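The data blocks that follow each hold one structure.
Two complexes come next, and they have one chain in common, chain A, joined by chain B in the first and chain C in the second.
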Partner chain A sequence: MEPTEGTEPKFLATARDEQRRMVDEYYTNLATAGGPKKPVAYMFVGGNLTEIVRSFGYEVVFPEIVGLNCAIKHVSLPNILHAESQGYGLDVCGYVKNDLGLQELGGQTPFGRVPPPDLLVCSFSGCYIYVKWWEALAEKFGCPLVVLDVPYMRAKEPQAEDLQYLVAQLNEFIALLEKRTGRSFDRAELRRVLENSRRAEQGWVDYLDSGRLRPSPIEAYFEAVFYMFPINVLRGTEEAADFYATVNAEVAERVRTGRCPVPEEKFRLVVEGVPPYTNYRTFWDFFRRWGAVSVAATYPKVGGLFDRGFLHDPARPLESIAEYSLGAYVNQSWPLRRKLIEEYVRDFGADAVLIHGIKSCRSFTAGQGDLRDWLIHDLGIPTLYIESDHEDPRYFAPAQIKNRMDAFFESLDQRRGSTPLPMVRS
Partner chain B sequence: MGLFPVSLHGGGESVEISHADAALGSFLCSISKSTLELALTSRLAPFRAFVFPYVCDVSRNVEGIFSRVLPGAETYMLHLPQNFHSAATVPFLTAEYRRLIARLEKAGGEPYDPERLAASIELFNQQRAAIADLTATKRNEPGKLTLTESYLVRRLGGLLPREIHIPLLHRVRSELAQRPNRTKDAIRTLLVGPFCEQPTLDLIDLMEQVGCYIVDDELLQIHRWYDRVDPGGDPLTNLASAYVQSPVDIGVRAAPTTKGEAILRRVGAAEAQGVIFLTAKFCEPALEDVVLYRKALEREKIPYLHLEFEERSTSYESARLQLETFVESILFD
Partner chain C sequence: MTLVAGVDIGSTTAKCVLIENGKILGKSLAPVGVELVKDAERSLEQALAETGRGRGEVAVVTGTGYGRFKVTFGQYTVTEIGCHAKGAHFLFPATRVVLDIGGQDTKAIKINEKGEVVDFAMNDKCAAGTGRFLDVCAGALGLDVSEIGSLSLGARHPVKVTNTCTVFAESEVSSYVSRGKEAKDILAGLNASVVSRSLSLMQRVGIEPEVTFTGGVSRNEGVVRTLGYRLKLPVNVSPLSQYVGAIGAALHGLERKEATAT
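On to the complex of A and B.
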């Protein structure tokens, strides 16, 4: 099979417009937050406490999401270079350097101004560098830093000791928010917000689950990343919950008409790792020209493993938030990650696994080589491992990556014929 | 529980990395690779259990690889808490120790016995006290022993039975008492950064050769987490409390104060004239702290030098030149 030139990726038109509107609105609100209006809390995506913090009137900034937006709009490098000029070395995470560089430069981005924090909430779930990053911001802005220490997941189910610890910390955090804002904690309001979260989560799961169909009506890596914003940033709002109904209606239409992201699905992939945001379209093109579609991916689960059975439970608000915090993908031990990827390959009928390791993130990446070895030698699943970075364009070598991917898909192609398959559920 | 604890600080200079690179990827520290290389080349066969304290994401992830490549051994990633203000931290860490114990019981074949743990704590208290005495000597009378000597004596503490190491430390102490404090025109220097991966002996030696007295350092932090742990009552709770209350303020522990305050306090306590940051290549926690430390030192006009190292460094010409310039810049200031 000869590779074809990639076609323009087809997004879900209405959902994409809706998503853009929500993103624009979010950054507009941020630009006017702070000062006497709304206080601003900074938070990480993994295991975040957005429902609790918002219930106390905070606007929430996720510097990781600001970072990926900077990278995808090709403005991360000046921020990174500025951070390096301040002493942050080549081996420091690109997200950290983008954010600290951006803050030093005044916080202005093409999509809006990022306000300084009034509170730093370090949901320490799956990445030690979160602590270092927040310490640097705390020193710069002189604002309080709260650590929610999330134990590492080493067993499939949350353990009682871990949940008790987390719930106790959440109660202490709520007491601190009450003191800082002068507001009382409204448990009924939190329950209401969690109803919205649960509805959004179910919609998100339904979207991801459609990757089981053949051909897949979704692109579970490149396309899904676009639809992560509401589930991570706006979770708990009605509009986030409604958003996934719009997405899934369009997916149903794709199924009905047979118009899928890859017109002739040739290879079904599970993708592990963070995307190279600086070269997002180029990287995607390397898949599409071979008719390769990701049917499941681990990266869209960095905010939580909703697709593995967890949904927020309004009847048990704090316990449920504690369980959620444990479930960030990179907070899972390698045995759990390996098991998840094996299940994705099986449940989504994947032909191969593609692993994208990034220089910046040791939490995600350290051990991906061993994962490749396990997939190939223990499970017999064709696997390709490539490296670049998610934030720093200097580490994306397009010719080298393309060569490796071409060789990989060519070898997959030789293993089997090239007949597109009818739409069935895996 | 019938187990003998050994501190494993990577494979050092002599281990050739031929398998671990492929398992770990390109942008990771040497200590993770050489440690894994030992496992992949069957050089850890005598060990029945491996405990990986959560000091960074790499150490955490390496445990997951060990669990696959050494299926016959017990492995455990010990979650060391980062919330030092919560009332729930000590109970959590106590419970975490109990989970670890369950794994160690399997590996050692003997049940947990609180009385034996209390006795062990007392033994380790003696070891920590003797090591604190050694480091105090280096701080107060830096001409009495070199950093290399101090380092090697401490390093033995993670390899020998404590019953042998403690008398050895006492013997060192009495011999040092007889040794003259030969002072030279050297710079009192604080060494920051090598809290995990260890530099080569050549590099440790070099810093004092060129005219520094390393009067305090971050080498081998394992011996310094606690001053003294109460062996009475519930020893697990006491260990957990000691961890939470530890005064150690290094890159892999959420800062109890600002980093700037911390470095200035340590410089003051050591009466240091300058600081050497010696950070392992790819050690992100150390690299990020250096920026905050540097800002505080610059404010106070305290000289510093930043060097990077790897476990398997072999050439020191550049490091020598930088160190000599650092020393001269202070001596002739």
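On to the complex of A and C.
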């Protein structure tokens, strides 16, 4: 088999338009604030507490998402270079440098101006660099920084003592929010918001689950990333909940008509790791040329492992939020992450695993080399590890990456013994 | 009888091999310039000139190497990883691990009993531990890269080259020269550095006999000996080791032609 010309990526037309509108509206609202300015809380995606801060009237900014938007629009490098000129080293996380550079340059992006924070919330303990990032912002903007200590997940289910510990911290956090905003905590409002979260989460899970079908009606990595925005940024709103109904109606149409993201599905992959946003389409094209589709991926779960049985429970608001934070993908120990990937391979009928490592992120990436070895040597699952960066285009070497991917798909094809196709020029 | 050609356009040289009936009939090797399509054409013509056969008699041409897409007159392309696996299996059928060190790439390839790729690992996005690394460091000593192997065999007190970055290693070589170290000891240190880096790649895919060493650096006897010593295993090196990619390409082309015909 030879690689063919990459086909143009096909999105769910209505859902993609709707997602674009939601992104535009979100950044426009951030920039203009539409009336009396809402206070702004900065938060990380993994295990975020968006429902709680929204219930106190905060708008939420996720600098990681701003960062990936900068990278995908090819404007991350000037921010990174500016941060490096301020003394941040080559090996510091690309998200961190993009944000700190952007903030120093005034916060203006092609998709809107990112407002400065009034409150910094770090509810993710998995990355020490992230704490330092928030400390740098706290110093620059003189705003309070709240750090919640979220214990790492050592077992499949959250431990009772961890839950108790985190709920106690959430109560302290709520008391702080009451003091800062002068508003009382409205448990009924939080429950209402969580109803919306739960509905969005169920819709998102239904979408992700359709990757089990053959051929897969979804692209669970490259395409799914676009549909992550509502579940991560707008979770808790009615709009986000309704969005997934639109998505799933279009997926059902794909199933009915057989018009799948990869016209001739040859290889089904599980993908692990943050995408190289700076060269997103080029990287995706390396898959499509070989008829490869990702049927499951870990990255779209960084905002929550909803597909593994957890959904927010409005009847137990704080306990449920604590369970959510503990269970975030990035908060899982490596044995749990490995097990999850093994289950995805089995449950989604994947042929292989592709791991994309991030040069400037040791937090997410450390352990991926061992994961590769375990998948290959212990489970016999063909696995390719490639590395570039999520934010820094200087680390993306297209010729080398393509060569490795071509060789990997060639070897899969050869071992499968499929009939070669005529050559089409690269 | 089907005459097939494999054309390997690497980062430094173009290689072509002609195979018929399981026998290598002709071959060529020349440096590449900036016009890769012409280099590819020339390599095929030179290999054909060795055989006295005409271009029209070649049933299939397969391109490999980084410049494989510049073999525009060919029918197939295969990555050099698949080709080195196939070529090494052809020369040494019991091969299970291939180490290929070319101009800018080092690859460790695990293969099965059919010569199919099971796993592979490659150097990161720099030329550390590759042919270019040795080339640059030989230059710092005023030597040609082809002299490294034989000179290094006379080393008595090999130095330790700690830098894996080619540019920094060149500075390190200059530093050893200024401290009065002998060239043969510095060269042996460089060879050992290349082997250390290669071993870590080989360990990624799992080392098991037989090990076959291919690519331009396999012409360096110092690296071959150090590798065998560190592995505690014999290392297969063919006189055709620089042509292994082209051999594999020719064989892949033949397989594909036969598969398409059936």
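Basically, the second predicted complex is superposed on the first by the 411 of 426 C-alpha atoms of A that agree within 3 Å, B and C clash if a C-alpha of one lies under 4 Å from a C-alpha of the other, contacts with A are read in each partner's own complex, and residues count from 1 in each chain.
Just so we're on the same page, a contact is a pair of C-beta atoms (placed from the backbone, for glycine too) under 8 Å apart; a residue touches a chain by one contact, two chains touch by 3 or more.
Fair warning: this is a prediction, and the values are worked out from it, not measured in the lab.
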Any idea whether chain B or chain C touches more of chain A?
-> B
Return first, second, both or neither, reflecting whether A:Glu387 touches chain B, chain C, both chains, or no partner chain.
-> both
Scan A:Thr28 for contacts with chain B and chain C and give back first, second, both or neither.
-> neither
So, does A:Gln108 touch the first partner chain B, the second partner chain C, both, or neither?
-> neither
Check whether A:Ala397 is in contact with chain B, with chain C, with both or with neither, and answer first, second, both or neither.
-> second
In the overlay, answer first, second, both or neither for which of chain B and chain C A:Arg415 touches.
-> second
Could you look at A:Asp373 and tell me whether it touches chain B, chain C, both or neither (first, second, both, neither)?
-> both
Give one of first, second, both or neither to describe whether A:Asp406 is in contact with chain B, with chain C, with both, or with none.
-> second
In the overlay, answer first, second, both or neither for which of chain B and chain C A:Gln169 touches.
-> first
With the two complexes superposed on chain A, say which partner A:Phe124 touches: chain B (first), chain C (second), both, or neither.
-> first
Could you give the residue numbers on chain A that contact chain B in one complex and chain C in the other?
-> 369, 373, 387
Residues of chain B that touch chain A when the two form their complex = 21-28, 32, 54-58, 60-65, 67-69, 77, 79, 81-83, 85-89, 91-92, 95-96, 99, 251-252, 254-255, 258-260, 281-285, 287-292, 294
In the complex, chain C touches chain A at residues 66, 69, 72, 74-82, 116-120, 122, 124-125, 204, 206, 256, 259-260
Chain A to chain B touching residues, read off their complex = 86-89, 91-93, 96, 122, 124, 127-129, 131-133, 135-136, 138-139, 147-149, 151-152, 154, 159, 161-162, 164-165, 168-169, 172, 333-335, 337-338, 357, 359, 362-363, 365-370, 373-374, 387
Residues of chain A touching chain C in their complex?
-> 2, 369, 373, 376-377, 382, 387, 395, 397, 399-400, 403-404, 406-407, 410-411, 414-415, 419-420, 422-423, 425-426
